[in-house]
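Presented below are the structures under discussion, each in the form of structure tokens.
Next come two complexes, and both contain chain A; in the first it sits with chain B, in the second with chain C.
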Partner chain A sequence: MANITFENVTKRYGEVTAVSNLNLEVLDKEFLVLLGPSGCGKTTTMRMIAGLETITEGTLRIGGVEVNNVLPKYRNVAMVFQNYALYPHMTVAENIGYPLRVRKVPKEERRKIIEQAARTVELGELLERYPRQLSGGQRQRVALARAIIRRPTVFLMDEPLSNLDAKLRIQMRAELKHLQRELATTTVYVTHDQIEAMTLADRVAVMDQGVIKQLGPPKTIYGDPDNIFVAGFIGSPGMNLTRGELRDGTFAGEGFTVPGVGGGNRRAAVLGVRPEDLRIVGTGEGHLRAPLYSVELTGESTLLTVRTQDVFVIIRTDKDFAGNVDDEIEVAVNLDKAYLFDAETGERIRG
Partner chain B sequence: MTDTTPATPLDPLAPLGKIKEFNPTRQRIKKWLVFAVIGFALFYTLFPVYWLFLNSFKTRLDMFATPAIWLLDAPTLYNYVQTFVERPFLRFMFNSLVVAVGTTILALVFGTMAGFALARFDYPGRAKYHVSFWILSTRMMPPIVTIIPLFLFFAFVNLLNTKTALVIAYTGFNLPFVIWMMKGYFQELPRELEESAMVDGDTRLGAFIRVLIPLARPGLAATAIFTLILSWNEFLFALIITETQTSNTLPIGIAGRITQYKTEWGEISAAGFASCIPIIIFAFIVQKHLVRGLSFGAVKG
Partner chain C sequence: MDDSASTATVGDTPAPSFIGERLERWVETHLRYIMLAPAVLILAALTLFPTFYMFTLSFQKFNPAVDVPNEWVGLGNFARLLTDEKFHNALGNTLFFTGAAVGIEFVLGLSFALLVDKYIRRLNFIKTILMLPMMLPPVAVAITWKLIYQPQFGVLNDFLFRLGLPTGVWTSGADSAMWAIIFVDIWEWTPFIFLMMLAGIASLPEEPYEAADLDGASAWQKFRDLTWPFLRPVVTIALLLRLMDALRLFDQVFILTRGGPASVTETLSLYIFRVALRFQDIGYAAAMSLFVLFSTIVLSTWFIRRMQMDDSKA
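Right, the complex of A and B next:
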């Protein structure tokens, strides 16, 4: 069993609190993604698991054992760093074999395991090369091979794909996911890229300012956000969020009203609707009528922006949409997919 | 408000100043000027060595001949025999070697570890007390001001006239330099390298030895040669601390040939030239690293 448990864990650097009273359980064999903007504490959280950061308060357990004061070398976790951290003066084989060399595995046996790991990540031909002679993708594979070689109880990955070009990133993403299933090892993965998070994760923990804002499967994070931060952070383009007033379940924004959203009476509320949950309707049938501000074809769909007073609303519509800037269109909200938030706390208003 | 728009709009294609045409004669003159400067620099540095070399093979008579003798037709080994057979210069050389190598090893071992600690560790008061600056500040006074306290200290611990005393004194004087060089070096290396090594199952010391030291090799080579030269050539401390053959170093031995009645130029030349050789050999061995070591930032992960 290799579950990781954070109990009221806090990490402070002097006056700055990087992680604040964190409670989180990473289940055995789970792929958990820590997602958030830079400086949200996700990397600090991961480094605490690796033992590279001390814990100010609280308890961290790996496989049920408290590891607060255990040195990295005794934790049996493997980590892939953002810049791969390959040892430049060692060949690929020596790099991959380093964890074994440190553990004094005999040379012959080491050689065999190295070759096997290199085959797993398809590096077989390159064992005698040096890291500087490899491409970004190959370096990434070396880092992965070095991580899997000793069958760690936990994998940690700190934005491992962010140094790759877009095409390679998609390929490596699929390989990573496949590898994780194959090895069935608890994995914690840090990223600020929501698409990586959505595609890879069993569960996503969205973090902001040292706090987990929501923890759940990607589908829940996307389709049932708990607060404005998660709603706004996930999705590209982001969710449309507008401030307004709630009166008997009718949302009144600047220059438009949406009846039937629920939530009772509130002076200040925020309505959130994803671009794909807005549709263009005939005159008199919609909630908002405004001129087109821009039309962008992305390939698989068209993104429309309309402007009403100071509010910009983005609508995802069919790729065959025909219309020009300044044309008036009418937009209806898909009421099942309209989210209400408290304007002050940012929390979701449910029901 | 002043009007900042130029009177005429700038033409992006306008030439930058007057167009100069390529002039072959000019280029040639420039090239020869460069050669002349290099030639002068070479002459300036190499001629004294050549003169030393030449004199070491001359008889006393030839040495003072006018006009000066530039090429020898009858070289003599007399000076070398005098210095290395008749007089204990081999012993001095051995002393110098022990002191210089000992100092270099000690200064490198401690300096590298201290440099690493200063570069990486979060010690108390790190931001407040400028520890590394104070370490360097010990080099800001003329070394001679420490000579009386050091003399008294070595007298007290009964180390006067020993090579150990010299090694201790030189290590002290070289350490700040080594620490600063190595600190700069370790700061250039990405932190993730040692973190990765530690997560891979190594201790901090193991990561330091197996990962960081090999990467800092150019810095070590450059630092080593400076330390070696400095302690090989040091005169002042050796003069005060050493007394007899058991600890006298080469510079002291050479200076000793200037006697009350006579200066043995031949022996001085022979010993002087011979003392260059070990340093030159060492410089050749490490020169591959030296170039990279002196240009910081050459190591990137």
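Right, the complex of A and C next:
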């Protein structure tokens, strides 16, 4: 059993609060992704689990045991670092076997475990090489093998894929997910890449300014955001967010109105609609009429930008869309997928 | 012709005469050699010529009388090296001094650097104080220590006497003289090792240490498996510089003991100096100098190779 529990955990560096009053439970064998922009406290949160950062206030438990004052080496936690943190003057085999060597596991036994771990991450041929003779992806595998070799109760991964090229990243992503299922070990994974978060996670914790903005399965985070931050952070291109006024369930923005969105009366509200939840309709049937500002073909679809006064709205449409800049188009909102937020608190207005 | 004229003249200065133009072009193409020439000449006069002259002298018997030519003796001077007990004594003393002084300096310098890095990283004035001995002129250091060691009115004996401890004759004791010199060298040059190691430690990467923390390494294991291999290039340079310097030790011995008592502190440099200038046996002194030069080169090369070999393995 290795669940991780944060109880009112705060981390301050002098005057700066990196993590503020965090309450979070990572379930046993769960793959939890901490997602957020740089400086949001996600890495600090992970480093507190590792014991590389002290905890200013609150309690951290691993497997039910308080670990606030437990040294990293007694936590049985393994970490994969962003820059791999391999030992440059040791061979691949020595790197992978280092956790066993410091525990004085006999050489013969060590060799067997190293070879097995190397096979798991497909490194068998490279055991006698040095890290600098390896490619980024291979180094990543060495770091992984070093992490799995001592069967830790918790895996921590700090943006492990961010230094790899795009193609390799997708391949390693799949391997990581497979490996985590196979080893069935509680995993906390830090990233600023939402695609990684969506594809890998059982649950995602979206963080901003030291606070968890929303915690839930990827589907919920994407399809049912709790606040403007999560709505705007997830998705590429991001959700269209427009300020306006609510009157009897009708949203009035700059240059357009959307009736039937609910939410009663409010002076300041924000309407959020994802680009794929907007569609082009015939004259008189839509909510917004405006000239095309740009047309971008991405391959699988076309992104249209229209401009109405100071507001830019992005629409994802068919890849075969034919139209030119300055053509007027009319756009309708999919009312089931329109989200309303309070403009002041940023919280979702439900109902 | 038009082209060359336009490259050789600048702006609207009048076109120079044919000879002037050629000279200017020659100067332009050879400018770097012209600029380097004075420095190269001075270097040649001060190092290349004396070295070459020493080389030729080492095969001759020098004759101090004016107008009497030197005698060629072939390898005779080098043959003397094999049987000269004073030379063997000086060689032994030099090696003992180098081993003891550089060894202790290294252990102390590295330890201080690790301690300072760990506990007083920000206190720069402590670092400055620790480096002071290195900044003093070596002769001043030696004279200061000569006064400290002085048996009748030196501070050291005074201090020991007041504490009720046995006093000593230090630089004139057969057993203590060499250690008195070694101690001064340690005092003077430990800061150098300290400085080099501090620079090396400051450039250590952080992540492998965090990885080692998680992997369960103890402080000693982290030193052995991370710090030491990371520092090895700096260690190589620091030790090499100290070795080469220690092997030619002269000023401290000359001021503190003059090689005495008897010849227990006579180093190679001091013996060569005596042979050359006291006994006027310049040819033999040249042969010894050549031997020292050659051994230092061989030793340094071997040392660098060895460290690089370890390095390329890493």
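Going forward, the second predicted complex is superposed on the first by the 351 of 351 C-alpha atoms of A that agree within 3 Å, B and C clash if a C-alpha of one lies under 4 Å from a C-alpha of the other, contacts with A are read in each partner's own complex, and residues count from 1 in each chain.
FYI, a residue touches a chain if its C-beta (ideal position, glycine included) is under 8 Å from a C-beta of that chain, and two chains touch if they have at least 3 such contacts.
Model, not experiment: these values are computed from the prediction.
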Between chain B (first) and chain C (second), which, if any, makes contact with A:P88: first, second, both or neither?
both
Touching A:P106, do we find chain B (first), chain C (second), both, or neither?
neither
Just chain B (first), just chain C (second), both, or neither: which does A:Y98 touch?
both
Kindly classify A:A78 by the partners it touches after superposition: chain B alone (first), chain C alone (second), both, or neither?
both
Give one of first, second, both or neither to describe whether A:Y130 is in contact with chain B, with chain C, with both, or with none.
second
Just to be sure I follow: which residues of chain A are touched by chain B in one complex and then by chain C in the other one?
50-52, 71-73, 75, 77-79, 81, 83, 85-89, 98-99, 102-103, 146, 150
Sites on chain B touched by chain A in the complex:
190, 192-193, 195-203, 206, 210-211, 214-215, 299-301
Quick one: which bits of chain C touch chain A in the complex? Just the residue numbers, please.
207-208, 210-218, 221, 225-226, 229-230, 313-314
Provide the residue numbers of chain A that touch chain B in the complex, in ascending order.
50-52, 71-73, 75, 77-79, 81-83, 85-89, 98-99, 102-103, 146, 150, 156
In their complex, what parts of chain A are in touch with chain C?
50-52, 71-73, 75, 77-79, 81, 83, 85-90, 98-99, 102-103, 130, 146, 150
